[in-house]
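I have a structure here, written as structure tokens, and I will follow up with some questions on it.
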Amino acid sequence: MTWLRNAWYQAGWSEEVKIGKPLVRTILGEQILIFRKADGSAAALLDMCPHRFAPLSAGNISGEVVTCGYHGLAFNAHGVCVHNPHGPVTSAMRVRNYPLIERHTALWLWAGEPDLADPDLIADLSFIDRTPEPARIAMYLPTKANYQLLVDNIMDLSHADYLHPETLGGIMTGAKSSTRDAGDHIVAEWISSDCIPAPAFVPMLPPGARADVWTEVVWRAPSLMVLGTSVVPTGTTKTPEDDSYTLHNMVPETETTTHYFACNTRRYRLDDDELSAMIRPILVKAFCEEDKPMLEKQQARMGTPDLWSLSPILLQVDAGAVRVRRKLDSLIAAERAAATSQPAHTRPLTGDVVQERVSGQVVD
Amino acid sequence: MTWLRNAWYQAGWSEEVKIGKPLVRTILGEQILIFRKADGSAAALLDMCPHRFAPLSAGNISGEVVTCGYHGLAFNAHGVCVHNPHGPVTSAMRVRNYPLIERHTALWLWAGEPDLADPDLIADLSFIDRTPEPARIAMYLPTKANYQLLVDNIMDLSHADYLHPETLGGIMTGAKSSTRDAGDHIVAEWISSDCIPAPAFVPMLPPGARADVWTEVVWRAPSLMVLGTSVVPTGTTKTPEDDSYTLHNMVPETETTTHYFACNTRRYRLDDDELSAMIRPILVKAFCEEDKPMLEKQQARMGTPDLWSLSPILLQVDAGAVRVRRKLDSLIAAERAAATSQPAHTRPLTGDVVQERVSGQVVD
Amino acid sequence: MTWLRNAWYQAGWSEEVKIGKPLVRTILGEQILIFRKADGSAAALLDMCPHRFAPLSAGNISGEVVTCGYHGLAFNAHGVCVHNPHGPVTSAMRVRNYPLIERHTALWLWAGEPDLADPDLIADLSFIDRTPEPARIAMYLPTKANYQLLVDNIMDLSHADYLHPETLGGIMTGAKSSTRDAGDHIVAEWISSDCIPAPAFVPMLPPGARADVWTEVVWRAPSLMVLGTSVVPTGTTKTPEDDSYTLHNMVPETETTTHYFACNTRRYRLDDDELSAMIRPILVKAFCEEDKPMLEKQQARMGTPDLWSLSPILLQVDAGAVRVRRKLDSLIAAERAAATSQPAHTRPLTGDVVQERVSGQVVD
């Protein structure tokens, strides 16, 4: 599996999980129960009782205690067993707990070694917080394609001209583009000077105006991108108030399926509900009706999650995506090399240990 | 495949197969045609013509002769070819026949070496015969889970308190329990003295009465269990007339699907149709709406039929199930060791033999 | 995969593809886009852009140019890139093109080495062209079974007596049959003298007449058969005008699915629309409602595309089918032996080449 484990992954939007309304979501192939405790804070456990492997989500949750619906073992939000109706609680009775932090209207889950879960590693998405709720447009698109294909899609926005001609396209192919590796992030930039604006931008400009359009994508490992854009009449100096930022966050569900989280924000006309109502269908059309189907068809044609195995022809426009894939590959390789000193509590039990348990604990 | 082959498996309830209404059922991964001959007796053949592998069930049955609907080869209930419209009948033209015996309102199929098929090895379920038909409650639950998970479920009745709280639960966790290996069977027993009876038992007791409840499960290889129970007012000596027996028979269909046959009987109030009408929905709720979904969720979460490979935490309540798994494992291992001297007629033909046939019989 | 690559396969009926209405069909496991150019001629390309593997069918076709809907690469009907909006066109930018010829109302695709695609190797089906359109009955039956099972079905027409008793059957089992290998084709023949005609033939004969029926199947590699038949009153000398020819062409889609193309023609009563209207439902019943379901059940029971692996019992009636399987096996083996000198342009790129591209072309 080509996944970085020691990373924060968006497990969902905050509003997807409520007290009494937990969420079961598969992330990096693991089925995870995300729930809110009585105090409203969220927690995440592997959705599988360590006794007989029933899903904990088939039991019930009260306060911060999750009780298995099959034999009644109860666990707290740390995954520690707090009640065994059938005998003593032992230290072996625990469910994997995932560090979970709520920030920027989203739930962030650490998929790797808990000791390494540093909240400062969560990407700064304060642009979401700065945007009043009515002006934010958040989406969730479950997509049947490998997450790296979804990253490629954003790192190479040249596709907009062909896939989104009626909304966002028309200005990328002729733009001056560049990419750069900035260490902990990779940047791709497109500058379109004095262009005919993309259809979606026309209402934001004076009638008939040509435009200077600036577009930038900033990628951070493993698969989170912030797309910034500004559209101003040709020759106008853009200010920060002209910027719009959109999160594109690609969270692996399985090798060939991805949770695609998007959130569009802006810094202008924040009280203009009519503008918000106009932007939403543009994004729905582009992301849901054009990107998602194309990515799913691409994955279906590929028949494998591994792009390189098919020897793709590469174009100049792939520069950003290739940089990202290389960087991510090297991060994953480094993580695997380090994993040779994996701590004991994440190692699965061996058959010997199981037999010992069977012999020693249960059958006299 | 972790299956015992030399064993009687319940292929169905007698009433499932009628003259002119055969049954095709997969048992231990083999697709089997079960039909009644003109005299009403039942027979079982592999549902596959040895010529071109068409299902025999796609042909027709007349008397005891099954004719393939593709090229007209006809076989009797022993699997011997009785007609080849295209040339001589040879000894190679035969379909695998399964010993089949009808007993205790059920059809019993021997899945292994025919010479070893001893009818005396069929479990004694005469409690079914003793119960008049209106007081029997027979069920068939196709369940998407490995059969050993279904056996575990009955060997450990502590789950009733958590999975069946509104019907059968509430008295098991506090019961005095024990298990013992009695050689050809394994027994698990629960004794609940002076308890508040499970909801389903309340109508059988004086209003407000507390109860002494006795529960016993007797397992026989490979996966048949008889659950006995009696509920009497606290301090009353139970008699055989207080007993209720329920068959729980788990027949492997594939590695991850099981034919679950259940039959509830009793020795009291046999003419009380109202009582029967009250018991049925209780069992439907417990077995069909609670056990079956939980077992299927458990199997789905496990993602493998092999429980041990996941290193389960074991509890005291698993004692009976673990004894059974160990016993069955050793029986399967012994059978495999003995199979090194497998008789010729059950060995598949080698490629050489096929080539010889192609050369010698057909093409001149 | 047991497929002959250097062969013409029927990709469809001509009428299935129109200008502006392309066809995507999987043949030998490859997803192929078949379309008509502005001049009406048909072409075939692998339905996958070599850049990011989006299906070309998700883009658009104009004239003879296919433009990918994802990033705008455009290819002509030869698979050569004619436009790269993002930089220079290189020789590596090409899509696999399949030689495609239209003949006998069908589209013929060469699945192997393009240099070997000799149109003279297409089977002579001029009997289709000679039959006026109203008297032709063409069908397409997608069938969930390995193509060799479909070939077996036609090479052994004895099945008609059992599978098609109400239409075509009743005369094959007693017929004098023979098979012969004629070098580039294999012939199976059945002669039924003075027989009670099959039900479908009765309306073509005087009331109550017995008949002489001649049936012949001519197979050509890989899986195309022409079934000739004539039915005349007993003792009458048949003339060419008594003949009816039916194409049965079995084109592998995957290992276990087949495109079954059939076309019935005749040389008598060509203007008799009533006769055509009578023949069609007979063929629909036999091919669609009897052959196809039986072949699919057979494949399902087999559980493998490899007949020999199951050690079938062979009968005299299998002679033709076994001859065909042997011949095809030897052709496939010969083709594989020759493939050791595979030309470079059909070899997949190695990982090294990919890395070189990534290093050299894109990222500076």
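A, B and C label the chains in the order they appear, each numbered from 1.
Methods note: a residue touches a chain if its C-beta (ideal position, glycine included) is under 8 Å from a C-beta of that chain, and two chains touch if they have at least 3 such contacts.
Here the structure is a predicted model, which means the values were calculated and not measured.
J.: List every chain that touches both chain A and chain B.
T.: Touches both chain A and chain B: C.
J.: Taking all residue numbers used at the chain B/chain C interface, answer same if over half belong to both copies and different if under half do.
T.: different
J.: Whole-Å distance, chain B centre to chain C centre, using C-alpha means?
T.: Computed value for the inter-centroid distance: 46 Å.
J.: Among the residues of chain C, pick out those that touch two or more other chains and give their numbers.
T.: Within chain C, no residue touches at least two other chains.
J.: Spell out the part of chain C that touches chain B in their complex, as residue ranges.
T.: 152, 156, 158-159, 161-163, 173, 179, 293-294, 297-298, 300-302, 307-308, 310-319, 322-323, 326
J.: Can you list the chain A residues touching chain B in their complex?
T.: Residue positions touching the partner: 31, 47-48, 50-55, 58-59, 67-73, 84-87, 90, 92-93, 348-351, 353-354, 357-358, 361-364.
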